[in-house]
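Each of the next two complexes has subunit A plus one other chain: subunit B in the first, subunit C in the second.
So, the complex of A and B:
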């Protein structure tokens, strides 16, 4: 190996390029930017202002923050549902004056004051909700107008009651506790805000109501189409928002006990800045309590810091305006371009060297021939993409198709067909269990069982999650082929964990080893990954010793053997290291050897490209997917090999007329049945000189 | 529906304005005097000029909430520059350039960065006010220096016995009408307001036109600001954070320029201005408290938006994510 090749290989083995793309797919990456801003702001103001985070300063800062955070949370809930509520500032002021008026002028008990104030806020929210939710007015303008109206009402109340409020004295410890008390060393308002934040978080992430809110914000029309009452959801968010704003006003009232004309003026701008800066999107669908909290802390620190630095009100509204504009601009551009960035960096090819391809002519065991020419077609044009074929004891053929059915062709002439079971997904590899039920790997769904009386049961659709994997690899994305050990354990391959089924060629371009082999144990119901980092593991076939299985790695052009039991437990041995094409399914033959399908043949250009990860990366970034280099799957063959890796025979279709593309084959009673994932037929070939009574099931499960 | 076939919103509003006029004339002594009527039209003409600015933007499916704020700050800057002995023309030029620059930034944010218009301009309004308070002037009210008395004529002067602001309003309306009717960019503007994607596909340079619409609105806003300054010999910068800009929106929406864009004309602004002018003037004569006036205006604006939503329902197919 040349030095430069070695360097390239080391570089791609030890630098995890794929992590960047995987991190970008995570939702929590949205929180990273606000968190960085938060740290930066805290650092800057902490160093500019002496004692900014001292005990006295932090206590008053936190108490104010509790009220502010409630308002930001209120705004966040409305924004997540796709709306906006600018009236929060006025509702805050209304909550303040109403609480004071009820307490001082009407002389209600404190509990009743709380209820009355919250009801007042909820009423304002309800008006907004009815207008925006049910009458479908524009949220922005509507809440701007309610802002003005509520503000005018507050001014009117002020004129009427401010003198009485200032003159009265409240004789209630509980009231002062709201504004000045501590819970476990934390100011009361902070505790309230924390509780509201936790509840909001749980509701948004864990409850049906919260999911409805997120769905409505994500896509209003789709939410309506799936039966969510969009109008009610939107209305409800405004009611919640109004209530929370009034609660903040109440806390403010109990802290300061006075009403001024400028209470809550401009608060909506600060709250909006906080919400957007935290990463809650305008237009909805993206937002969380954590984002609201982060945004509120940032804005709180900045506004207070500016005041402490002696900068006047003009300066702070200038700064808020600039930050708001910048945050919104970043938000809009990030949302718009995130998927572009993702598609550019997600594909991360690595160094993959294949051994030299053996010849397919002359004395080579792979030499071309025309032995597949006499294949007869079953179900021609009546089946779309039988990836795998299997036959039961009564000689009926089963094959999956592209639309998620398992189709049965009835023996003996196979002219009659029916849908055996509609399972959905993309049925791929199949195997019969001891009791005659059909186990099937379904791309996009997992491992399923169809019993003899056609009952469809899910066996498993998840496995143990890797500790250090960034993407969630517990879900099965592309279960591919399976076989069943004598004790009933099911071993099945998952071709790739980084791509969906239709993106399989991209996995080849990457050649990273994203696949794995998983074991499902029906007696315990536990699913565990047994082998990881395989290059598109595909076919799986138990060997005759009952302790190991053979598996094919498509992009590695390799067949290996894994012992799951016995003295060589957990060992992997390569059986065939250098296939001339891409192996697919493996199945047992009647004489103790194995059939292997090659789905396509290697090409020198792609083989070379696999050693040039930089080249493939540039290709993936710069040109359209249609123009990328893909593995050739236009022609392939069937071959037979034994456990030592010796190739016994190879079957080709030279003209490419009957079966150019093969993903699977089964020997059954002297015939070979052939499936292909892009074919429109099942092939049947009469084999010469084989046991005409042999069936895979009987030989394996040993029943008559 | 046949009965209502001939009734456009414009006509209804015009009818309402007349009705209010008659009502006030009967009920309020001193409403129908020549003095009051001239005063009414004069005071309302500034609102009308701003209405034309807002109308142009709304027709292009935008909205400019920084209009009043920008007007107040740029004119106050001009006045304070004159107060520091800068020649009148130079100070006017600086204020104008500042105004146009902010307008262009608004347009850039909306057109190129694709920030929702309502959001960009709201934040810009706050920003501009903060900028003014921090860098340009210390007092809320900037008074007109003696050296700028020419401006007074624009606000308080009379031509043929009719106050000059009315003429300014008329000229702005005329130019706005001609722009929308005959200028290529004016027609583009309406096309963009009607259907941005279709206009873009048809080859309209959508983004430059969006920038143009905000530059135009800031230009007209500056003119309105100069007239305002002329009529009261000062500029109150608290106007920037008042609810005045919603009066302007009220004019536009009431007049019948749909907020979803593409609809309406300068005529609608004039009609809306009349109605709001009569209303405001009437309420002032009736000595209704300022806060109560705000509630009344707010409710009228809400009703107008409601009717607008019902008449011009939002198209869910073309409404974009984030179009709030």
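So, the complex of A and C:
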């Protein structure tokens, strides 16, 4: 191996390129940018201002933050539903003055004051909600108007009651506790904000009401079409927003006990900046309580930091405005380009070197021949893509097709066909269980059983999740082929966990070990992954010793053997290391050897490209998938091998004229039945010199 | 500095020079199956160059020249070296370029004369004659005609165009540093040549070079006169994958060193015969069928040019066709003969009044 090859190999073995793409598929990656900004802001101000994060400073900062966070949460809820609420600042001021007036002038008890204040805020929200939700006025203009009106009301109330408020004295510990008390060492307002945030998070992510809000924000029309009462949802978000703003005003009233004309002025801009900076989309549908919290902390630190640095009020407003603009710009660009970035970085080929390909001419056991010429076609042009074929004890043929059916061809002449079962997904590998039911791997769905009376039952569609996998690998994406151990355990392969079924060529381009073999135990119902990091594991076939199975790794051009029982338990041994093509299904032959289908042949140009991951990565980015270099799956063959890995014979159809594309084959009573995933027929070939009574059923379960 | 920076930037994002776009087959290049549907198909293994002499269609194949008569090819003469190309001089005279670098004249007033330049031309790809002169295109100074794929992958531009004065036997170099000139047409305003690796048609006039048509969707080869313009043979299609490989120097170098030439990712006169050739995504057979639009390394394409060398109509054999690798065209008596070297066949179609050929 050349030095450069070795360097490339090490580089791709130890740098996990694929993780970047996987992280970008996660929804939580939206939080990454605000989190970085938060850390940067904390670092900058923490180092600029001595003792910025000292206990005294942090305590007062936190108490203010609790009130501010409530307002940002209020705004977030409205924004997630696709609206905007500019009146939060005024409502905050209204809450403040109402609470003080009720307490000091009307002399209500504190509990009643709280209820009254919240009701007042809810009323403002209801006005907004009715106007925006039901009358469908523009949210921006409507709440701007409410902002002015509520501000005017506050000013009128101030004129009337400010003297009385200032003169009165409140004799209630509970009232002061709201503004100055601690819960477990945390200011009361922080605890309130935290509780509201947690409730908001749970509601948005876990409840029907929250999903309705997100759906409405994501696409109002679609939400309406699926039957969500869009108007009511929108109205409700404004009511919540008004209530939370009033709650913040109440806490403010308790903390300072006074009312001024500038209470809550400009608060809506700060709250909007915080919400957008946290990553809540202005367009709606994308937002969370965590984002609101992060945004509010960032803005809080900045505003206070600037004040402490001696920057005048105008200066800090200017800065806030600039940050809001930048945040909006980032929000728009990120939303627009995230999927582009993802599509560019998700495919991450790695170094994959195949052993030299054996010759396919001369004395080679793989030498070309015409032995598949006499194959007769069953169901020609009446079946679309039988990946696997299997025969029952009455000689009927079962084959899956592209439209999600398992089709049965009736013996003896196979001219009559019927849909045996409609499974919905793409039926791939099949096997008969001891009780005669048909087990089937269904691409995109998982492992299923079709009983003799055509009942379709799910056996499993998930396995244990890996500890260190970024993408969720518990769901089965591409269950491929299966076989059943004598004790009933089902071992099946999942070709790749990173791609969907129709994206198999991308997995080849990547040639990373993305596949695995999974065991389903019907007696306990438990599904467990037994082998990981395989290169597109495909065919599986139980050996005759009942303790191991053979499996083919398509992109590795390799057949291996795994012992699940016995003295060699959990060991893997390579049986054939260097196939000239890409192996697919494996099945038993009548003389104790095994049939193997090669779905395609290796090409020197692609073999070279496999050693050059950068080349493949650029190819995936630069040119259309239809133009990509593919494994050559237009020509395939069937071969027979024994447990030592010796190739006994190879059956070719030169030129692929008679039977193009082979993915599976099944021996049954002296004939070989051939399937192909992109083929339009099932092939049948008479075998010479084999046991004409041999069937797979008998080989597995000892009956006819 | 700026250039290097922008080149690196382009390379990173696949823009500018690094973009691998191929012009779509549209307008005059709209695909059809005319070459495959032609009823008159006359097999001749290894057919390469066609010429019209004394109202006869002649074709070169290996070392032999064949004559077309009554629907069949008859061997006319044979040489002791590979024939690289043929050209008619006037009406009766045939020029033959041999792999030895010699040009032999048969018939007419220069009959029997042999010309050999002082500096050997080992890669004569095309010739075109007037009454007293012969224009010669030398594809490359580094590779022979059989190594045209290597010349493309090496991104060479070492070809040249010459003029031979038949009377005096003097060779004059008209142009140098060309990327595989592969076709010639004498014209009143100056000779026009096709530059294959740059996919363009260029005229040599007093002021220098003038590009007449740029960015052809395939590699242009020989040019033949028609009644109202010219025929252009395009011997292989361009493809995104090849354009991409041309920009991947490391892969190209290793491929040329490690992979047998027949299985290179490179345009071919005939592809898809061996399973060792790499396959492209759209070339996967579905339900036993290769799609006609499948990306392919070989195809059949012949274009009718007007007198200003602008494409007017085209005849195609697509990915699933059987008339690939068009190396030469000749028009005679209302019929156009098209030599498909890749499939070893000459097809003949009637020329339609529209300027194209009847589909």
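Note that the second predicted complex is superposed on the first by the 694 of 704 C-alpha atoms of A that agree within 3 Å, B and C clash if a C-alpha of one lies under 4 Å from a C-alpha of the other, contacts with A are read in each partner's own complex, and residues count from 1 in each chain.
Here, contacts are C-beta pairs under 8 Å (C-beta built on N, C-alpha and C of every residue); 3 or more make two chains touch, one makes a residue touch a chain.
Given the structure is predicted, the values throughout are model-derived calculations rather than measurements.
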- Query: Residues of subunit A touched: more by subunit B or subunit C?
  - Reply: B
- Query: So, A:138: does it touch subunit B (first), subunit C (second), both, or neither?
  - Reply: first
- In the superposed arrangement, does A:162 touch subunit B (first), subunit C (second), both or neither? neither
- Item | Partner chain(s) touched by A:325 [first = subunit B, second = subunit C, both, neither] | first
- Message: Looking at A:281, would you say it contacts subunit B, subunit C, both, or neither? Reply first, second, both or neither.
- Response: first
- Task: Pick one for A:634: touches subunit B only (first), subunit C only (second), both, or neither.
- Result: second
- Message: Contacts for A:25 in the overlay, against subunit B (first) and subunit C (second): which applies, first, second, both or neither?
- Response: neither
- Applying the touch criterion given at the start, work out whether A:678 contacts subunit B, subunit C, both or neither, answering first, second, both or neither. second
- For subunit A, give the residues common to its interface with subunit B and its interface with subunit C. none
- Spell out the part of subunit A that touches subunit C in their complex, as residue ranges. 381, 384-385, 505, 600-606, 608-609, 612, 615, 618-619, 621-635, 656, 660-661, 678-681
- Item | List of subunit C residues in touch with subunit A within their complex | 14, 18-20, 239-241, 244, 248, 250-251, 254-255, 258-260, 263-265, 275-288, 290, 294-295
- Message: List the residues on subunit B that touch subunit A in their complex, please.
- Response: 63, 109, 113-116, 118-120, 122-135, 241, 243, 246, 249, 259, 289, 291-292, 294-295, 297-299, 301-302, 305-306, 309, 313-314, 316, 321-324
- Of all residues in subunit A, those that touch subunit B in their complex: 82-84, 131, 135-142, 144-146, 148-149, 151-153, 155-156, 159, 220-221, 265-266, 269, 281-285, 311-322, 324-325, 328-329, 332-333, 336
